[in-house]
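Chains: A, B, C and D, in written order; residue numbering restarts at 1 for each.
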Amino acid sequence: MRIGVLTGGGDCPGLNAVIRAVVRKGVETYGHEFVGYRDGWKGPLEGLTRPLGLEDVEDILARGGTILGSSRTNPYTVDGGVDRIRENVRAAGIDALVAIGGEDTLGVAKRLTDDGLGVVGVPKTIDNDLSGTDYTFGFDTAVSIATEAIDRLRTTAESHHRALVVEVMGRHAGWIALHSGLAGGANVILVPERRFDIDQVAAWVKHRFDQEYAPIIVVAEGAQPSDGGEALQSDELDAFGHVRLGGIGIWLAAELEQRTGHESRCVVLGHIQRGGTPTAYDRVLATRFGLHAIDAVHEGEFGVMVALRGTDIVRVPLAEATAELKTVPPERYAEAEVFFG
Amino acid sequence: MRIGVLTGGGDCPGLNAVIRAVVRKGVETYGHEFVGYRDGWKGPLEGLTRPLGLEDVEDILARGGTILGSSRTNPYTVDGGVDRIRENVRAAGIDALVAIGGEDTLGVAKRLTDDGLGVVGVPKTIDNDLSGTDYTFGFDTAVSIATEAIDRLRTTAESHHRALVVEVMGRHAGWIALHSGLAGGANVILVPERRFDIDQVAAWVKHRFDQEYAPIIVVAEGAQPSDGGEALQSDELDAFGHVRLGGIGIWLAAELEQRTGHESRCVVLGHIQRGGTPTAYDRVLATRFGLHAIDAVHEGEFGVMVALRGTDIVRVPLAEATAELKTVPPERYAEAEVFFG
Amino acid sequence: MRIGVLTGGGDCPGLNAVIRAVVRKGVETYGHEFVGYRDGWKGPLEGLTRPLGLEDVEDILARGGTILGSSRTNPYTVDGGVDRIRENVRAAGIDALVAIGGEDTLGVAKRLTDDGLGVVGVPKTIDNDLSGTDYTFGFDTAVSIATEAIDRLRTTAESHHRALVVEVMGRHAGWIALHSGLAGGANVILVPERRFDIDQVAAWVKHRFDQEYAPIIVVAEGAQPSDGGEALQSDELDAFGHVRLGGIGIWLAAELEQRTGHESRCVVLGHIQRGGTPTAYDRVLATRFGLHAIDAVHEGEFGVMVALRGTDIVRVPLAEATAELKTVPPERYAEAEVFFG
Amino acid sequence: MRIGVLTGGGDCPGLNAVIRAVVRKGVETYGHEFVGYRDGWKGPLEGLTRPLGLEDVEDILARGGTILGSSRTNPYTVDGGVDRIRENVRAAGIDALVAIGGEDTLGVAKRLTDDGLGVVGVPKTIDNDLSGTDYTFGFDTAVSIATEAIDRLRTTAESHHRALVVEVMGRHAGWIALHSGLAGGANVILVPERRFDIDQVAAWVKHRFDQEYAPIIVVAEGAQPSDGGEALQSDELDAFGHVRLGGIGIWLAAELEQRTGHESRCVVLGHIQRGGTPTAYDRVLATRFGLHAIDAVHEGEFGVMVALRGTDIVRVPLAEATAELKTVPPERYAEAEVFFG
């Protein structure tokens, strides 16, 4: 078989580990040949390829990012896009595709399978918000980086008797906030799944100061205050209802300083959460995903993605995987609340 | 309720995170009081206690080791040991115990429950070889440290055209070797579950040198060669059939140097695998174990340990958990073999 | 002797290492007694103390921040401030002070010495902008953290064909930008000491994209464009001539995106550069500073600060140390320019 | 000019950073051409080369080891070795050599300069024992890795009430032991420069246990007991007077366990101290060394090596640099003694 591989969406530690495992097992166990498609779905759309042999994947396991490049191109929003992919794939003698990506990339994979192409998906998102799998690779790395940052910020908070707000990624799901907040010993964790009461948050922070400790607040970028009224002017929200101008973290730090009378500072971790070498956990998960994805391709089982269930790698229909965002359930958030205040 | 907490066996990153979560939820949610028992089962045996209130656990989440100390004391091998524990526990007004430990510690917990004490167990081992739970905390930290070491050793191997043997922990189970070997991109992984053929290992190493790469071999301390005959003199094995004098890693490096004609070096990682601050993964797992253990205590469900199943924390009977060592299954080892040579 | 110790100004990795070394050598070698003053000069001003014996410094070497707390209080801006300090110090039986801090804290130390108190200074600033010493502790940690961040951001830049702007600390001096930029392999480094030409920066970035690499730009928070005219409206500058609203990094990323036609993102590292455990380098430097500071106190040589010269710790007059900011000299910046573009 | 570059001796974090800086400045500033010689002096001896252009050094700054390979080949111990080098260098049109290495490599560089070749040296050793320079690159990385290991081992020591012996590199000089011991808060530091009294060491360790702390002992591999008599049988020493069979660390742990009655363990860090990505400090130092070395080549000043003096990079005669080993002076060791016991 001749197989195309592509990576789509935001970059994520572990992408290269998947690519390496797919190629290594494909070549050595099954005798497959591989073609690398550049920049996500843009690659098969425009016929942008690069060689992808054993030597190309020799040294990439520990490297962040993706040697294939990435983009957010969606062939279904391009005139004649699907036909061009079909044509390019046929012309290159490609029998099947391995598509590594998040909701959008896998959504395209699903539709292309419905439209007759053989695609196997590998779930990827640092946000961990894909249904059908216990965890996605990249998440553990993001949580680790955020936790290290919280560890560092704690000593600043304590030395200066300040509240420190740490804004982490998570537009629609609070997984990074929840896990890094638990791991970093945060005193408040705010997630998009539950609107927060700024008065309650200020009370927790104040209680913490009263005990002579310095509060750490971890907030997902997508977290929002419950109908703030005076606190938050409507024109400070953008079209999606998100706080504008600097994000929720900066707004929150300003509010807390005003309400508690204690200095408050905000750090927005941003892109450092998604780059660099993957943790050991993510390297193992990504490697196992790659090994099992190429098995599925070899067996001709398309329209599925690989997924983690407990300690097993299984296959689930792409349809199921992309149906619904996996958000933090109330009972997991409740677990963390014992540490608030 | 008044609850005693103890940690037994080898130290393990995450012990303090469990203790903190148990105390925090016990005090704040249930109004429990806590007593810290020192040095594993030696604590209740000899009545060695220390205070364990909210302020004692305030700052310990990220700290390795255990503030309670540890030991391998087994009250069932001490004359009248169980009676002394029962007496000391009653005298201290203790209603229940939370025992955090591995096979031995939990084995005692099980027998004490049978003998009438209320004990809830929390599984702990960097080796990940406890049945009944997907993972134990401490394992991810050990794998991370071993993987970082492999990353570092790779550049030495390549610059000097040497084989590098990395001996990791795992006397009876190869989990650390398997995961760190996968994460570090090892060219051979040797585990106690499968005796290895030294000729085969030398052939893989030689093949690797022939391709102008430098081979990395990860070997669990408990791995052993298959019927060694000439290769390994019987007097080089200790009473348990383990290679004596410096361990399997040093023997292996010497053998590989002789058989391949290439310089080979060994590094024995030893205790650095079990100390220091836990990874974010282990902090979250340990914290969740602690929260659920105190729930079990509060509900009076004794003789169980908490366990990870997928993303859920569940309770399993201690009997089940300590019945059998969880070793690396053949299919997991086979997954890794595609990367050998 | 009875000696007071205080830490002033922004927190800095290594403060606790100094405190430990001062106390350890003072007690064990000289038989001194110590009093900890809380929160910088606010401590002696308001008589806020805490115990500072061997057991208080036992476990603090590796901890970021300062166990004494910090503030920016300046007794010379408080009515009768100096008299109150003199009185509090006398009442507490204090013979001398060790003041650990940056320009402001040491400036006060100098004036207090002139006003008759015995003070020895220890230079501290993550910015490395104090004259009289080759390096200050905290700087190496800040550079390390910034370099790790750049390493991580590089893979994101490459995978997405984006320019990444990293804004680091340094309001008046570009040392952190220079060193982290060199260590991280930045393609442009911008410092406050040299106004930059935005057209030149855009040209370098474009050249880099043309070679199919992804550019990394490291910019000190105090860097400024040369009189930008149209590029930068005057009302976007704050009272100090700094770019307002999100800082220079965010402005720069927007400019580069517009001028090069390539996506550009900015990460502002902020407070994570100054918190957390110090590097080994900073722990050694801080420890040696502490050991030599207490020697100076013991010998009654006041009005000096300890300083690094080559590999030696020497004493320099506080007057000299606080006279002039140590900025990046043109020849050091020129060294780095070979890597631009 | 056409310039050959080689790296000799043990690998060392920062070698690639030097190579990159030499090539980058040589090509861009001076228009030089470069040839990479493989495996130290073996390269010019046997005419083993590899291309060394801008694209070859693009991505190597942060990588440990050396892309040129290394060896301990000494042309002066090979019949006609120098003539063969002279011939190979002339045949390749090479005008000058940049030799990056330690005492041995630079010793050859000196003799070749005397024999008429144009060589500029760059000092390299993780041991920091080269005269003529304040520090060598690689040392800071080695100290950082050893310090991290000590940080981790401390929690194991404390949890198990054990003494932990950490054996670090340093056959003839104790710099790594001194700096990592200071940075890690060791309770005893043993270096080759000062024979130790095992009774005194045991007394310090015991004192530490009596205070209910767990002792950490850092020992350089080349440290030796003062004439031990009964303690150390002569047949346990190898030809160089070093303790045989497992090294000084293992011997020391056994002695301490016997003499103090407390469990003692040893970890030998070995090769992980010299591999992997360099610290930011070493990347900056190595980069500056490379930039200044190519300046010396360009100016035709041969027979020198670059060196760090304070914050300046200077040139010193190779003769001076290789004359004498730079060992830990008594006053630096005395500084550390205040922390013993």
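In this section, contacts are C-beta pairs under 8 Å (C-beta built on N, C-alpha and C of every residue); 3 or more make two chains touch, one makes a residue touch a chain.
Every value quoted in this text rests on a predicted model; they were computed, and no experiment measured them.
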Distance in touch steps, counted as few as possible, from chain A out to chain D: 2
Reference chain D; chain at largest CA-centroid distance: A
Intercentroid distance (Cα basis), chain D paired with chain C, Å: 30
Inter-chain centre distance, chain A versus chain C - centres from mean C-alpha coordinates, in Å: 34
Between chain C and chain B, distance of the C-alpha-averaged centres to the nearest whole Å: 41
Chain B, residues touching no fewer than two other chains: 151
Arrangement of touching chains [line / ring / star / complete / other]: ring
Inter-chain touch pairs (all): A-B, A-C, B-D, C-D
Residue ranges of chain C touching chain D (in the complex, touch as defined): 24-25, 28-29, 58, 61-62, 134-135, 140, 143-144, 146-147, 151, 179-180, 182-185, 213, 277, 279-281, 283-284, 287-288, 291, 309-311, 335, 338-339
In the complex with chain B, residue positions of chain D that touch it: 7, 10-11, 13, 15, 39, 63-66, 69-71, 145, 148-149, 151-156, 158-161, 164, 246, 265-272, 274-276
